[in-house]
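Below is one structure, written out as structure tokens; comments come after it.
We call the chains A, B, C and D, going by the order they appear; numbering starts again at 1 in every chain.
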Amino acid sequence: MESWWFGALGIAPTLLMRVIYSLLLIAVVFLPLVSVIAMFSIWWERKVAGHMQSRLGPNRVGPIGILQSIADGVKLILKEDLVPRSADSWLFRLAPYLAFAPVFAAFLALPFGPEFTFEPRLSAGLFWVLAILSVEVMGVILAGWASNNKWSLFGAMREAGQMVSYEIPLGIAILVGVMSAGTLNLVELGYIQGGGLHTWLIFQNPFTFLAFFCYFIASLASNKRAPFDLPESESELVAGFHTEYSGLRFSFFFFAEYAAMFIVGGIQAALFLGGWNDPFGLIGYYHHKWTADPNGVHATGLIALNAIAAAVFVLKALGIMFVQMWLRWTLPRPRIDQVLYVCIKVLLPLACVILLGGALWELFVPRRPGLPWVDYSPWRFGDYGQHHAMGTLVTQLVLSLVGVGLFVSLLGWVVFAAISGRNIKRRLTDPAPIVM
Amino acid sequence: MTPMLAQVGLHHYLILAAMLFVCGLATMMLKRNAIGILMGVELILNAANVNLVAFNRFRFAVDAGGTGGLRLDGQVFAIFVIILAAAEAAVALAIFLSFYNNFTTIDVERGTQLKG
Amino acid sequence: MPLPALLLLISTLLPLAAFGVLLFAGKRLGNPLAGMVGTAFIAGSFACAITGMIFWLSGGTGPMAGAAEWGAGKGPIVLPISWLPTGGGIAQDHPGYLDVGLYVDSLTVAMFSMITLVALVVHLFSIGYMAHDRNFHRFFTYLSLFCFSMLGLVIGGTLLQIFVFWELVGLCSYLLIGFWHEKRSAANAATKAFVVNRIGDFGFLIGMGILFYHLGNVSLPHLHALLHTAGMGGAVALSDGTIFGSGLLTIMGVGLFMGAMGKSAQFPLHTWLPDAMEGPTPVSALIHAAPMVAAGVYLVGRIFPILTPDAKLFIAIIGCATLTIGALIALAQSDIKRVLAYSTISQLGYMMLALGVGSWVGGMFHLLTHAFFKSLLFLGAGSVIVAAGHEQEMVRFGGLWRKIPVTAVTFGIAVLAIAGTPFFSGFYSKEMILRDAGAFSVLAVDLSHGRGLGYWLFFILPTGVAYLTAFYMMRCWMLTFWGKPRDLKLYAHARESAVMYVPLVLLAVLSIIGGKFLGIEDLLNWSMRESGQYCTQLIQKEARPIGGGGERGEMKFAGYSTAWPAQLPGEEESLGDDELVVRERTPSQRAQIEGHHLVERFAYWAFAVGLGLAAAIYWKGYAVADWLMRIPPAHWVRNWLYRGMYFDELYQIVWVDGVILGGAAICRWIDRWVVDGTVNGASTVVRVISSLAGWIDRHLVDGAVNGTGELAHGVGAAMRSAQSGRIRLYVMVLLAAVALGLAGAVMVALSG
Amino acid sequence: MMIQLLAQTTPQPPDAGASAVLFYLFAILAGASALGVVLSRNIVRTAVFLLFTLTAVAGLYFLLDAEFLAAVQLVVYAGGTLVLIIFGVMLTSKSPGIRYEPKIGEVAVAIGVSVVSAVALVMAIVRQFPANSASVERHPTIADLGQTLLGDYLIPFELISVLLLVVMIGAAYLAKARRREGRP
């Protein structure tokens, strides 16, 4: 991104400029982006939860309660910063940062648009995100340990066991997609999937389709989201690893969780759901057209395109987050042994089978070589026959239809629920307006 | 900044690795907690890894006979070392657990039943 | 991959899938369902095999000819995969690789159809037969594994692959014979079969080792191409200049044949087969009648072109001995399954004899026809055994045809077939074998200028045994189904069930039409031509091996071509009518016509004589036979035969006891003379020296020793403290040493 | 499927100044945390210092063009091995504050040995390896690493997978060993 901007401005970056640029980027774009996304998610979760439980959710601060998170944040900042006397105070203070920093760093790799990426140089971007998210667990463990509270310790140990276990199916599911794409670079992944719905990796073959769901389940667990929220299960462990935390430190954990949700969803979108691309491949098409223009770069057009791409990407990630929330308020929580059982004895073998199947598919089913729009036009189906890629095309189309059907029916369900729920709410709230 | 300091080369990495190595040695000698000793070992392995990767970067990573491939033996060895370290940690911890079960302590000074 | 090969591969893998399914889910599937799953898979396998055959024929030169490069009479499908780099070897398009791969020709296709069909029928039959067994699913698991290994053996393109599946087949045989391992006899029989087979496999390995050492590759096409002149006798010069001596070739051939001897129960190693009847009867039908024991014959058929005349003579002798011994022993057996077992040995002897005298088609033809009627016989026997409440002694049968008519009729058809009744399948194959054996004898006697009259035995013995075969098979049928019931209780309960006799009827039909109407003979003839043509291509492509048409080979059988594929079946078609005899013929063709005459004169009526005699003697059960047995030597002979000519006892004495006694004797000898002598001698020497040393010791050494002891004690006490058990002390000492060493090295490096 | 598509977005390797700044940042972090590992008396804190060291080393790998290795370092070391170690700490320490202090003589020996080795190593490095910084034309990609790992090093790779399996079983067996009678 930076080189492109500098290139567009026509200046060679000096060291000082780059440092200033980086600082500026972090201060103006990065921090606000992470915070806004996290705060929006927190508000949204409460809203969704409210609607699902026939309540209204936050509705006082700002229009439809949109400023509730800010109010909460202010409140949390103002609270007293407690450190229990018998806690290991140094570790206790350190833990929230340790939990939050990796999540923050993982944002570096997310591809919001073809040029709207903070670090496009990462040739192992996907793996990098996984790696840095795996450090997050240390924060949780240390928090549980340092609190010197048995509930916290239980939570920490559960988190450790759960996280380490679920990383394996998570990694394998990602591997299936990566195998199909042939790259770990998140930006390249975006280009590869730029040709419309049927070039998205989820529809590439039946195994990536399965891997999508496998990844989703594993990502729930590694994010300690319900139904796998054993480390903080309030009915057993008070509040798990963050029982002793309060104020700003608590809000860091909160932030970290929601930011991690967004990252996990973003990775899922980038790897399986076409990243920043729209279902028709228009973004990919115009991007190729404008960057391939010999008369210079369409700066304005590209900026607009990147903005749209970023919107699409964020929308996809939020959609996946919505499903995560939906599941949280739908499913009951299993026991910890059941959680581990599901991982080791169900999800892991399943993932291995999917991996094997995906590998065999890659070996035996030829595909259309080249990049969409660059080397061929993805919507000209006749081309596929010349490359013996008809099998891939048919698979892609069939899976796309299945996927679209699934999506539309889910969407219909949600819309229906929202509409019918509104009536119920009105009835519930009608008799007595809430008095503060 | 002097040019010597500004130009980060093989030297710098090797000296850093040496420091890590020495810290690992000291950790192994000073900790009475078995797990502490294990951490010392991890430090030493990391020092070795830094060496491997640095040598690979500065001495070895040239085009191998113009075939377009880079020699990455150092990195590969580093990967192997990391894997071996994980394996070693697993086994060592298992041993420590049974040590703990037998002696109800993790202090290695207590496990002296095999003395002459 | 060409379609027939693909289909046959699927056909091979389906039983493996069944094995997998049954292994993991068999217990859950439960009693009838596990069997049905196994049967369904094998049915799929059978369908694939049949479809494969149809495509194969449609690719060939026959009535359904197509444009493919492969097909019946055109060429085999050879799909080699270079597997292990071995670094040496002759075959030039696979330098230094150990190949695996597929080899499909008409023989493969025919074997596939036969094996899958018999397996399907046996599976069906087993659902009924094993219905009440506790380990029902396990049985089908083993059956599936067996089918997979057998099909893998047949489709395998290299000796190595054949060997691997060969061993797998042996394992299945072990598992299935010992299926009722709670029975001690069954467990023993399984072990015996396994051990005896190992003896043969040892020879197989030796043969394969010789081949591998010389050629570096043991894939069938290469063997055929490089060594096809072995049949002429004499040495073979390989393209790299080495000479593959004829003696070594013979040893190789005999070695490989030893494997076949074990698996096909040939004469010295035949004792396991009768004992193997301890297994469930469907197993006997599947393994010990048709496919598995035929594997030996199949192996010899596959390596046929590379066998030297001497090796073939050895095979013929063994085959001849086996068929005679088997038939004689079968005469006196009273257990219905043992009769069939010995008859199987005898028939396998026929096949081996056929291969030994150079009648490749005859041997393979008999292999296929025999598979049909022998499995029919075994399944019939199984039906009888079930009907009789698991009684196998024919002494207690009799008159069963009224109770189990379908079994009786189908069993009768099989008896007619094996006896060589015209228009039944056995007739054609047996006639061909006898004809070629006759031709061989004629030719051999001719070539040896009248001195080798012993060669007539190769015709006389099989012909005589043809009479015997008819006799003992008819005896078996009469004792089982005819006459008055000898055990009324057993008779009262006898009945048969549809699931068991439907397979019987199917096999009976095949036993009738298998000889002339299925075109097996044509397939086999084509098979020879296919390999021949492929070999020719291969020879042209590679450096040709120089065939050394040695003098010894020509002296013995030069005219009668035992070197396949020098004579292609297509050229044979002009032969046959006697009017053409006057034309110029090779000696072998003349001999064949003469063999034909011999068969017409001596062997055509064997079936009638044998059947009639048996029917006459056993019309009223054992009455006449008992009377005959009163004649003094007859009784002894009967006992001798009944106990299987005391082969088991002989082996017990010679091998088991012999080894034990011999070992003990050797040990005793060594102990007494070598060990004791050494010890005694040594002790004398030592005594003398020690008395000398004692003096020195007492006066000179003690002082020194005591001083040393004190010293050692002191040092030990000092050192002991170093081994404190404190791991960190060790670490410190170690690291300090490392640091010192490092510092020293750096000092040296810097100063130097 | 390797596609050269980032021709325009792939920037040159970061210039020397920036990488020097980053190097010193990571090096100081690594060195200081390693010292922390040595000096810290609480075993959990030791582990946290080790975590920082490992993370800093991962950063160094980044500077050495080994970003895959950096990720591996984070996943396996920081996310796996270290979690395991902390697990071990939690399972084996009776109370978090318990400390086992080394004797004063041991400390002296340790300091001596460390100083001697440090001096020797540094001298050797300074003498033996000139401070060159050979620039590499091409940034090694994961594809290169994959080719090396699964090409030349295929058999070690397979062996190490088997080793991992063996270790897993062995560790599970060892850790599962029955406890002594009469103890929880």
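Details
The criterion applied here is as follows: a contact is a pair of C-beta atoms (placed from the backbone, for glycine too) under 8 Å apart; a residue touches a chain by one contact, two chains touch by 3 or more.
Computed from a predicted structure; not experimentally measured.
Common neighbours of chain A and chain B under the contact rule above are D. Counting C-beta pairs in contact across B-C and across A-D gives the higher total for A-D. Work out the mean CA point of chain B and of chain C, and you get 59 Å between them. Remark: chain A and chain D have CA centroids separated by 28 Å (rounded to whole angstrom).
Centres computed as Cα averages put chain B at a distance of 6 Å from chain D.
In whole angstrom, the spacing between the mean C-alpha positions of chain A and chain C is 63.
Shown for chain D are the residues that touch two or more other chains, namely 17, 68, 72-73, 80, 84, 87, 102, 106, 109-110, 113-114, 117, 121. With touch defined as above, residues shared between interfaces to two or more other chains in chain C number as follows: 728, 732, 735, 739.
Residue positions of chain A touching 2 or more other chains: none.
Within the complex formed with chain D, the residues of chain A that make contact are 2-4, 15, 18-19, 88, 90-91, 94, 115, 120-124, 127-128, 130-132, 134-135, 137-138, 141-142, 145-146, 148, 153, 156-157, 160, 163-164, 167, 181-185, 187-188, 191-192, 291, 369, 371, 374.
Chain D contributes residues 102, 106, 109-110, 112-114, 116-117, 119-121, 123-124, 127-128 to its touches with chain C in the complex.
For chain D in complex with chain B, the residues that touch the partner chain are 16-17, 19-20, 23, 27, 30-31, 34-35, 37-38, 43, 46-47, 50, 53-54, 57, 60-61, 63-66, 68-69, 72-73, 76-77, 80-81, 84-85, 87-89, 91-93, 100-102, 106-107, 109-111, 113-114, 117-118, 121-122, 125-126, 129, 131-134, 136-138, 140, 144-145, 147-149, 152-153, 156, 160, 163-164, 167-168, 170-175, 177, 179-180, 183.
On the chain C side of its complex with chain B, the touching residues are 719-720, 722-728, 731-732, 735, 739. On the side of chain D, the complex with chain A involves touching residues 1-3, 5-6, 8-11, 15, 17-18, 42, 44-45, 48, 51, 55, 67-68, 70-75, 78-80, 82-84, 86-87, 90, 96, 139, 141-142.
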